[in-house]
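Some structures to go through are shown next.
The following pair of complexes shares a single chain, chain A, combined with chain B in the former and chain C in the latter.
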Partner chain A sequence: MTDAAFFDGIVKVLFVCVIVTSAYIITTKNLISLVRVYSLQSLVLFAIALALWWYTNEPVLLAIAILTLVFKVLLIPYFIASIQERIRIKRDIDFHFLSPTSSLLISLGLMIAIYITLSRILPGSVYNDTLFFFGAVIGISLVLMGMMVTFSRKRAITKVLGYLSMENGVLLFGIFATELPFIIEFLIVIDLVILILLTTILTVGIDSTLEEYHNRLHRFYLWEEMEESS
Partner chain B sequence: MILAAFLICTAVASFLVAFSRTHGQMNAAAMGLAAVFLSLAVYILIFVPLPVNTFLVGNGFFFIDHLGLFEVMVATFLFFLATIYAKGYVGNLLESRELEEGSLKLFYIAWCLLELVIVLAFFADNLALFWIFAEMTTIISAMLVAILSAKENIDAALKYIFVASVAMIFAFVGFIFLFEITRSSLGTGSLNWTVLMAHASEFPPVMLTASFMLIFIGFAAKSGIFPFHTWLPEAHAKAPSAVSAVLSGVLLNVGIYGILRVFAIVHQTSAAAVIIPVLLVFGIFSMGIAAISMLPERNLKKLIAFSSIENMGFLLVGISVATPVAIFWVLYQVMAHAFTKASLFFSAGILHRQYRSDLSSDAPDNIHDVFRYQPLAAWGVILGGIAIIGMPPFMIFFSKFFILLELGSLSVFALAIILVLLFVASAALGYFVIRTFSQTTPDGEHVDLVPYRTPASMKAPIIFLVVIILVLGLMFPAGGDAFIAQIITELKF
Partner chain C sequence: MTTDFFLYCIINTVCVALIAPLFVSLVKKVKAWTQGRQGPSLFQTYFTLAKLLKKEVIYSKDASWVSRAAPWICIAATLSASLFVPLVYVTEPMGGIGNIILFLYLLVLARFFMALGGLDAGSSFGGMGSSREMSISAVIEPTTIIVFAALAFVFRSLNIIDMASIAAATGTPVTPTLILLGISLFIILIVETARIPVDNPETHLELTMIHEGMILEQSGRNLALLELSSAVKQVVLMGLLINLIVPWGIATSLSLIPLAEAIGIFIVKAAFLALIIGLFESSMAKMRFFRLPSLFMMAFFFSTLIIIIEVFA
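So, the complex of A and B:
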């Protein structure tokens, strides 16, 4: 059953899926579908890890796959979606610096640049295996594309999704560039969970409804000043 | 085993905080914890032969060496003083209702946890473990910045989290590189400091350079190096002053510690030739940006925050010189900067309480008649300012002087630039102090200002720190010299 060509084909299809989802994350304005796409992207990663496990029989990969499924496909998107419902914000239309089209073009350029850089840096053992090399390139590209989302969007919740997408890139890179020990992937997931908990709580503070906000301003004696000046 | 003591004490202290009713009790619990941490660090210093790496049954996750212990000593000492200071400061925040009663427990529990994760970060043997603890310090300290729950604070905290965490992701990619390097040259991958240090000379330089650059991005953001410094002035200026002191005195050291450790590995290979100029350039740029931003700054806490960026840049320059003498004085400067900066933030906190130009910290401070209302804080800022710009006989003078001396033998051109930048920064600080502190109201006029009665718990740490930076500047104990020299041998410089 371990048909190398078949495995190769499957993983390549999955790579394309990863790129499509990340392009969608960069350009979309709809927050709800943003979370769903993130969940889908994690699902693709889960599939990639599973395929790799099936190919190499490394138990670590199965563990990583399960971890991805539980946290990134199910728990984290669910949590973010429930927060979104509470703060009632559906769309994030503010793009700093970059419009969707230009960010797509930039990410294309980034991928080419990363391809060239990595082909010089990575040792021959990885470089000569096309599939693994592509995995590493896509991983790093995902990191940079996620960073673009984090810095070009205004709402904290979109920034969080950018960060999550970056982390998916790290996972992809880790799987393909080396044999990452499970403990490391586990640590980074812990980090994600804590980070999301905190940022979303703070986001509720910022993005919450206007009424609550006025109360808070009032308490800090800022509101009177604003009324006077206006 | 001693690590378990740190963990258990934190658990007990958090428990006590959770079940105490008044602010005094919570502060007492936190202070007790800080005292225990400090005494544990002293205990390790005196009784435990270093380095210890067969910890928790030799799993390779934690170890204690001289560098880690050195950083922990500085951190726990500052935490102890900051907790004492917090007693008066947070008490006043409560009275003026800037801090809600409900947030108080959260504040102290986060405070205790922050202390724990910082200690664990310095004692971590595994890079990935160090990374996760460094991330935790970011997250918990961001919580402490946001605790006042005004919009500006939350904004500053979110900015801090995003800039630092995004950069730390790059550091993680760098670790994966490093892991791959060790796997291909040693057979089994490893991220342990001890293993990496032992085999550093066998690593291929090109990949090591790439790995260092990525890791540098992460830790540079943690320590406020240009161009990742953007979070620092806001977070430091908007945090409660007790937190600012810890942010500046302890948390920035976490980043510098990481850079120093990884640089010690890179230094053993030929990759150092590429890395050293990079460090020098980033250091000079940080100093330049900070010095220029300091000139027009009219907000005291922001001014001090920019001065932190400048000092971190200077530390980077010191690291880039990479001679044993320079590294010695870099470590000395880490300690000196931590103490001096904490005293400055403590003094600024008192002025902040008195003049209430609070929340909108972009606004200039409305400070006047400072010697009449808060003479101690005024002298704290003046003496701290003199110390931070590197006047003898305070501690920082010696570290700056000897690092510059070492740098001069390397490149006179860089030395000249740095001297100019140091001058600009000193001028900015002096200009601010003279302009602000000389504002007085004429005798006859009525001043509508209630004097803030500064509690002794806020005064004592300032006096103590100023005395310490003076005394240690005049005579540094011989044991201290030997201790730092030991670190340099361990880092193989």
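So, the complex of A and C:
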């Protein structure tokens, strides 16, 4: 088996893993496994970036892979897990607008729509390279599926996870379709970390002084379990 | 009909009928292990079937001919369906045998008569079991069809025997579609054999039972036939999954040694699959009835994805 064919096969299998994890993120109600699956998805992205680096030998890809591993596989899931431990939410069973079943159906439709759209607008050179084209399609689908998670879930913590999975989609699209400058990727990751830190502070640390914040948090379903237990 | 194909039919049917009960006990055994029990012997299902065959058949006073015919129709339909899925030896298909749509319809025929048999005895448990089975099968049907359509797309053939020989010839390298296909077929296997997220095969006299509810009124030889037909159905679906996704070791020529090897390899692979089924079942709680469509939707999603990938990429 040649290098190119081997690379092709590996990356396609990894694409499938990305799709399976994102389908799980859309449908699951268990928050603990949600975080684990997010971390798994990031791990798959790390593997994809690594495979691409091995294939093309561009140091940027290695940097992206390491960035993904450190922040998205280890750091962010750890933070979220610690938030979950404090606020004692284990399950998110409420859905706005969409049930998990219909979200899956809609995401199928989205994928087809994105496929058709991208095949019209992308230049022929990208379109002819099936692997890169598929990477782009899956990347954008992941963005839209993450968006769907963000609006169809009720708990703030699930919304954050939807946003993170959106960012994974951006990363995938960036790797395959365009050359995203490394500095932008780095800034995005920093933003994510700040987002998670803010979520931690907002959900855990701030209510000691400000009544107002407490009430607002209560309204966003972040505080009820805590109140029951105290 | 060529001799080859005739021999294929005989070998396949004998294999299916002989090893089907083994895997029923094996799944039970795995579940017992995970619960810290010893579990029944691996041959327990054979003993049960032998015992039931010796016992007298008793019909309810309301039973019509349906109760008498249903077990025979079930076993006939599932055994014919078993001809469509080569377990250990694969050859050129003949006539309509191996056709994917006929395969589905044979399974549905067995299911339909099982449901009728449940209704026929006039007991309320049977009626509930049948009604639930029919609702589930109405919901799973589109998914099953899409999964099999995806199979047809991947292997570019409408014939299961052809698919198996293509898989055996190419050795099936791990491609992305096959992973998705494996997941979808596994979900179909779980649903069709009435396993835990869908139905609990261990409950009797509980309001949640589906499959057991339908055969509650059957006794003696008829019960043995129904049990055997669900065992056959299970091993056929397992064979489908195994021989399309991991087809190494299936015999392509009719000589004794490859055949014996193929049987051995199949039993090992199927035992591994049974282990996975048992662990999967032990790790899950039974789903609420109205949440089942989201499980089916997973299979639907993945198989539609396969079709998209196969058509566009």
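Everything that follows uses one rule, which is that the second predicted complex is superposed on the first by the 199 of 230 C-alpha atoms of A that agree within 3 Å, B and C clash if a C-alpha of one lies under 4 Å from a C-alpha of the other, contacts with A are read in each partner's own complex, and residues count from 1 in each chain.
We adopt the following convention: contacts are C-beta pairs under 8 Å (C-beta built on N, C-alpha and C of every residue); 3 or more make two chains touch, one makes a residue touch a chain.
These numbers come from a predicted model, not from an experiment.
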item	value
Which of chain B and chain C A:D129 touches, first, second, both or neither	neither
Which of chain B and chain C A:P181 touches, first, second, both or neither	first
Partner chain(s) touched by A:E85 [first = chain B, second = chain C, both, neither]	neither
Contacts of A:Y115 with chain B and chain C, given as first, second, both or neither	second
Broader residue contact with chain A after superposition on the shared chain, chain B or chain C	B
Chain B versus chain C as contact partner of A:D3, first or second or both or neither	neither
Footprint overlap on chain A, where chain B in one structure and chain C in the other make contact	none
Residue numbers on chain A that touch chain B, as the complex places them	120-123, 125-126, 140, 143, 147, 150-151, 156, 159, 163, 166-167, 170, 173-174, 177-181, 183-184, 187-188, 190-191, 194-195, 198-199, 202-203, 205-206, 213, 216-217, 219-220, 222
Chain A to chain C touching residues, read off their complex	9, 12-13, 15-17, 19-20, 23, 27, 99-101, 104-105, 107-108, 111-112, 115, 130, 134
Residues of chain C touching chain A in the complex	173-177, 179-180, 183, 293-294, 297-298, 300-302, 304-305, 308-309, 312-313
Complex interface listing, chain B residues touching chain A	97-98, 128-129, 131-132, 135-136, 139, 142-143, 146, 149-151, 154-155, 157-158, 161-162, 165-166, 169-170, 172-173, 175-177, 179-180, 183-184, 189, 191, 204, 206-207, 210, 359-360
